Every structure is written in C-alpha cells, then in structure tokens.
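When the chains are written out, they are named A, B and C in that same order, and each has its own residue count from 1.
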Amino acid sequence: MSSRPISESRVPLLELDGVRARYGPIVALHGVSLAVEEGEIVALLGANGAGKTTTLRAVCGMVKTAGQITFAGRSIVGRSPEGVARLGIAHVPEGRGLFTELTVWDNIRMGAVVRGGQKALRENTERILGYFPWMGERRDQHAGTLSGGEQQMLALVRALVSNPKVLLLDEPSLGLAPTVTRELFSLVRRLNEEEGLTVLVVEQNAMIALDTASRAYVLEVGKVAVAGESDELKRHEGVRKSYLGY
Amino acid sequence: MRRIPTAVSFAAFVVIAIVVALLPRFMGEFRLSQFTFVALYFIALLGLNILTGYNGQISLGHGAFMGIGAYVSALLILGRPGLELYQLDPPGWLPLGNGMTPVFTIPLAGLVTGVIGLIIGIPALRLAGVSLALATFALAVSLPTIAKRFDQVTGGGGGLSLLLPEAPFGWDISTRHWLYYEAWVTAGIMFLIAWLMVRGRLGRAWRSIRDGEVAAASSGVNPALYKTLAFGVSSFYAGVAGALLVIEVSFVNPDTFPVSLSILLLASCVIGGLGALSGTLFGALVIEFLPVYSESPPLIDAEFSTQAPSVVFGALLIVIVFLLPGGFAGLLRQLSRWATRAAGRMTARRTTPAPASDS
Amino acid sequence: MAAFLQQVVSGLASGAIFASLALALVLIYRSTDVVNFAQGEMATFATYIAWSLMDHGISYWPAFVLTLVLAFLGGATIERTLIRPVEHRPEIAIVIVTIGLLIVLNGLTGWIWGAEVKAFDSPFPNETWDVGGVVISQQDVGVLVVCLVTVAALWAFFRFTTLGLVMRAVANDQTSSRLVGVRVGWMLALGWGFAAVLGAVAGMMAAPTLFLDPTMMLVVLIYAFAAAVLGGIDSPIGAVVGGLTLGVLINLLGAYVDFVGSELRLPTALFILLVVLMIRPQGLFGHVAVRRV
C-alpha cells in the first residue's frame, strides 16, 4: 500500500538539521531534524501549532531561520523564497497560493515562467494535464471561481510544470471533502510512482498521509517527537491514540 | 519605549522658558521676529503632532486651518466678521467695537477653526490613511482658490491688511518685543495643555486608536469620538497659530497659506518626531531656519539657489524615515537611555564590592 | 450644440492627461500598495528633460522617445533605492518618503532649470478642423490620441506578453509570485518605470497648454488623484474612465455653471472626490478595500 522504498543514494535530497525558527519573539521550531531522499514521499504530521507549516516555510526562506538546511548538497538557509523556488523546490502553501485574478491557464503559465520557459511549458503541461483531464477545458476560467478541490489541483499542476526536484505540500486536504482528498493523494502517489516525484507533505489527516507516504515524522511543540516508516507509525501506540483515533 | 522621566522634562521646560525669556536681550529686531515665527510654528506643530503623531490621522491640510485662523483673526481685528454681507448685525456680546484687540482674537480664531475642524473631522472618519491624506491635501489646495472667490469677505487676491500692531492696554514695551512675548506665552500655555492632554486619558485613547482601531474599540474606546476630537483640537491649535501669524505680519492673503506650507508642516513634524512632544520645538526651528541656512550656510562662501532649501528639506525627510524614524524626539530618547545607562553603571560601580584580591 | 461638443472634445483632451497620470498612480498602487505623492513632480522633471533635449537641438519625437526611456529608468531606480527599503514599514513612513521625494524633485527642478516659466513646443499644429460646424482643435485631438495610444500600448503589454503576465501576478499576490520563483523586487521596479513613462507622457502633453514651471503638474496631480479615486484606486480601467469623465465634467461645469466659473474648477473636482470617497470609497470600478487592521 505504501510508496516505493527508499533509494540507495547516500545524500538525502532535502535535509534539515537542528532547525530553529521564530515569528518575531515567538519561537515556533526548537530544533527540527529530518531528511527526504530522492523519490520518496515523506509525511510531516502533528497537531495544530506543532510547527508543521513553519517547517515548510523555513525551507522556503519565509521565516527567520537558524540551523542547517541542505538541498542537493547545498545549504539554502537564508535564501529568499524566490531563490529557493528557482533551485527546484516547489511549495504549494496552505490556502493554495493561487493567483485568483488570473485564469487557470495563466496560473499554469506562471508555474513555468521562471523554471523552464516556453518549450518546457508545452511539453510538461501536456504530460501533466494528462493527470487532470478536466483542466484543459477550464483554461479561461478565473482561478478564484474554482471549487476548493479544483483549486488544490490547479495549485498542484502549477507546481509540477516547473519540473521541481522536490514538492512541498502544505495541508492539501484542508477544506476538501474526503473523496476529493483521496483523489488528490492517489494522484500524488501516481506522480511519485510514474515520474519519480519527491514529496514532503504536511498533513493533519494522519491516516491518509501514512497511507501515501513511506516514512513520516511527527512534530510536537516544534520538535520531532516520533519518526519512522509509515507501517511502524501506524502500529505505534502514541501515534495511534493521538493522531489515528484508535 | 521608555519615556523621558518627568523630572528631566520639567527641568528642560524651565531651562527653555528661561532661555526664551532672556533671548530678546541678545538679538536685533529681525532675529526677534524670526523667533516669534518659531513660537507660532511650534503651536501649529503641536496640533499636527496630536492629529498625526498621537492619533495616526495623516493630515496634509494643516496649513489650510492656519489660514482659516488667520482670516478669522484679521476680520475680527478689522471689525468686520463678514456678517454685514448677509445683512446681519454681529452679535452684541462680541467686543468688536471698531476692531477687536488682537490678543483677544487669538482664542476666538482658535475656537472657530476648532469647530470647523470638528465638522470636517466627521466625514474624515470615513477615510483612512492615504485617502485622508488626499482629502486634506485637497483641502489645502482649495483654500487659496476659495479665498480668492469669496473676495467680498476675504479681500480676494489682495487679502486683508491690518494696521501695525501696538502693545495693548498702553503698556510701555516695543512692538516687536510685545509680539515675541505674546507668541511665546501662548506657546507655553498651548504646550502645557497639549502635555496634559497627551499624558492623560485623551492621549491614551488617541494612541490606542492609532495603534489599532479595532483593538481600541473592543477595549471601550469610541474611535469616532476621539478621532473627531483630535481633528478639532489640532485645528484649534492651527487656528491659534494662524491668528498669531496674521498679527505678526499684519497681512493675510490667499498666498500666505499655499499647499507647500501644509507639506512643510507635516515634514517638520516628522523631523521633530511623530508621537512625541519633545521634538516639536526642534521641528519649529527647522521650519523657520532651515530655509535660511540652506541658502547661505554660515561658513561656506557660496550662495546656493533659492531652491536648495527644498532639496535639503526633502532629503532630510527621507533620511529621517530611513535612519531615525522617531525624528529628533527619537534621538532625545536614545540619548536619555544612554545617559540613564551610564548613570546606572556609575552607581553600580560604587555599590558593587571590590573584587576579591589574592591577599 | 456646437459649443457643447467643443467643450466635450477639449474636456476629453484634458481628461486624457488626467487619465494618463491617474493610470500611473493606479499602476503603482496595485503593485506596491503605495500612493505616490511624487508622481506629478516626477512627470514635471521628465518634461524638463524633454525641454532640455529640444533646447539642445534634438527634434520633438526623438526627444519624446528618449525622455520616455529616461523616465522609465528613473522610475525604476527610485523604486529600488527609495521605496524598497521602506516597503514593510507602516503606511505613514512610505507616504512621508514620497512626500520627501516630491519636495526634493520640486527643489531640484527649480535649481537646475530655474523657476521662470518656459514655453514648451507642441508637435501638433495650432490649427482647427471644422467638422459640421463644430470647431475641433488639432492640439486637443493630438493629445487625446497620444495618451490613448500610450495607454493602449501598456494594456497590450500587460495582456499579451509574459513579462506583463508576471507583473499582473505580482500585483495579485506577491508571496505566491515568490513561491514560483519570480524576483518580485525587479517587477515592482518595472511597475514604477512604466508609471514614470505614463507621467512623462502626461507632462509633455500638458506642457504646451500649461507652460513649463516647477509646479506645473501639481494641479494635474490633484485632478489625477480625483480621477483615480473616482474610478477606483485599484482599477486601471477606472483610472482611464475616471480621467476622461472628470475632464469632460469639469469642462462642462466650468462653462455652463456660473458659480464654478474658471476659478472653482479645482475645488469642484475635489468636492466630487470627497463625495465619491464618502459614498462609494472603492470608486466606480474598484474593489472594496480590505481594512488593514
């Protein structure tokens, strides 16, 4: 049921070591360490306020960060969000981050505008839209008028057309009906299996996250409390009680 | 933000008061007149600081309110408050006579302007931030045009001319000296009133609205009331300053209060320090003296063009926002912090036991 | 009737100038959330540069184009050096910086070129056409055409080019733009550059009629503000429609309403501005503003 096993590469594609982050005087992360290997789907779980979103924002340089963050061997701590994006880290934030005033097609174009250019856009888009057949017809619709699930898919497409090396997904299930959520996650699995897409997904819905990811970290109060393979965590007593409800 | 301790403020006030009282002995008539202007700009800036600094409502129309005060005062001094146009007699209780004694017109001009400010403050509630700045800017630009249009009352482009002032009640004092002390005593009174308002409930309410209207409203402060009041109070101050100006210059016409005055007033308020009274005097000095000194700096022989003051003013403004957002007042606060820290260190040294020696 | 149409046409011409400057204001407001009080002075400065170029023998249209290029560079530079450092500061700080810029430019203009009024050539002949009894000034038509062509060119840029798309995205959502790798800072600088170009066009079109002096655009700026607010401070269409409407309205009011005459045109425009701000703060085409709490 879970995704492909961890690859043989030594150096993780994305690695955090002792990362601390704060919003002004409030410290949100107290030393988070995690790693994502190429071709993996890794989940980041935890309650509200545990620091999951902050972790993704730290990777993208959107919050004051200290500690080590390495991507493909290079340190990216302190880089601007646009700099991180240009390296190939695509971040789909909470709330999807769409350009609500632009059309569906313009949103997709924006995904490739920096990384890739016209040719890559055309090639990628055809391939990626293959996973989302309905989107082609809605090209000229304003992104702000799409439903929640459709917006999430569009955000995903926009992230994918940039040919990212890592996809950061922040709470994709937020505000979505269970069927739509399942559809979304199975899409993510397909992309991982067929395209080798590396994903770090933050989720409150621990069940579906553990079903999709091969490994997971559980954050509590800004620190990693538990880590391991998804199957292990599903059997872990603490995790079961707090996040899986049985 | 630690405020300057009251004792220091009080001491500073006394020192400044003494300096102001003794200054006339050391200067000629022209200088004296310049310092009279400093006093009235000081009053105007106190009002603007209350509105924009303490209450956060950006006003680019303060010069217009000064203009209103000036015209009111001039009309009262001339004994023609304009009512005869409408076939009305001036009210009996107004001691107009053949023209009101100038010094009495000061509070009246302030009151009229203050009431107009209150009235304007009500629609201003609907505007925030930049919209308000635009609307008040509009006011400042319109006033000269409106003054020219209603020329039967305002004397149109020619304006109103007053007789040269004399010390009232037959006091034996030179005119320039009288005007100087009249302005500074008024300034002192206005400052004390401002100081009391700002320290008390009014000031707290104003500041809380500036820092977050929604939060202020939920803690029981009525934003509409206090914002309108701020407008009224600041216009009152502007009116008083305008009255003093027309008394000093014996003349007012639409060009006395161009929009550039409103801009300069806001700029000097920022330079002095928004939201703190301690820098306002510095702002007044800047308004009066910076133009002079930019043109011919004392040590340099060259004479820059008359446009140099603008360039310096504008550049100073930008530099202040970048480097010293608290303006001159912020500088004073920083200095007082260092002074307190240094004093603390000295007393600590005296009370800490000497380090243990090896004997 | 003929007189009425004449007023309308000349109102459209002045309205086109207001519209250009108003569009500049809206452009900057949409992308950087800043109301640029110095927009008028920037336009004046650019117009003086054009004057200098022509004074040195360069003919009109080459000078015009060169001025646009210089204005673009100037606007972008101002954004990078003066606005960027304060973009996260509270509103009043940014307002003060633009006011400071206004003061500096006003002073610089007078310093470099002197405060005496100068004449500025118009590329359009000082003649009229007679269209069925209505006398139309060629100058007015020329101004109208130039302004509208500039606005149309800008519209086309935003609509059809990739760079235009990126700028529209940045105006919509800066953070999301960063997440797709857009260097937002440079896009903002471009926005200021284009705004400066619009201002320069407005200035050069206005100068033949208003005569060139350091405060030439101050009054135009106020009309432009009124037009932008009337149309909706975040709506480009609103700026253009607002500008043209205001131009015609003011002209007609000035001609047919005795009370307004020629002196009270500006206060009347401002009165309209105030009324609009009170009744419908978002203007004709704008969106309801989200209050910054």
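Following the convention adopted for this analysis, a contact is a pair of C-beta atoms (placed from the backbone, for glycine too) under 8 Å apart; a residue touches a chain by one contact, two chains touch by 3 or more.
Given the structure is predicted, the values throughout are model-derived calculations rather than measurements.
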Reference subunit C; chain at largest CA-centroid distance: A
Most centrally placed chain - per-chain CA mean versus overall CA mean: C
Approximate Å spacing (C-alpha centroids) for the pair subunit B, subunit C: 33
Euclidean distance of C-alpha centroids - subunit A vs subunit B, Å: 56
Separation of subunit A from subunit C, taking each centre as the mean of its C-alpha atoms, in whole Å: 44
Of subunit C, residues touching subunit A in the complex: 162, 165-166, 168-169, 172-173, 175-184
Complex contact set, residues of subunit C against subunit B: 35, 37, 82, 85-86, 89, 91-93, 95-97, 99-111, 115, 218-219, 222, 225-226, 229, 263-264, 266-267, 270, 273-274, 277-278, 281, 291-293
Subunit C-facing residues of subunit B, complex: 52, 56, 58, 60, 123, 126-131, 133-135, 137-139, 141-142, 145-146, 148-149, 212-214, 259, 263, 266-267, 270, 274, 304-318, 321-322, 325
Residue ranges of subunit A in contact with subunit C within the complex: 60, 62, 80-82, 85-86, 90-91, 93, 97-102, 106, 109-111, 113-115, 158, 162
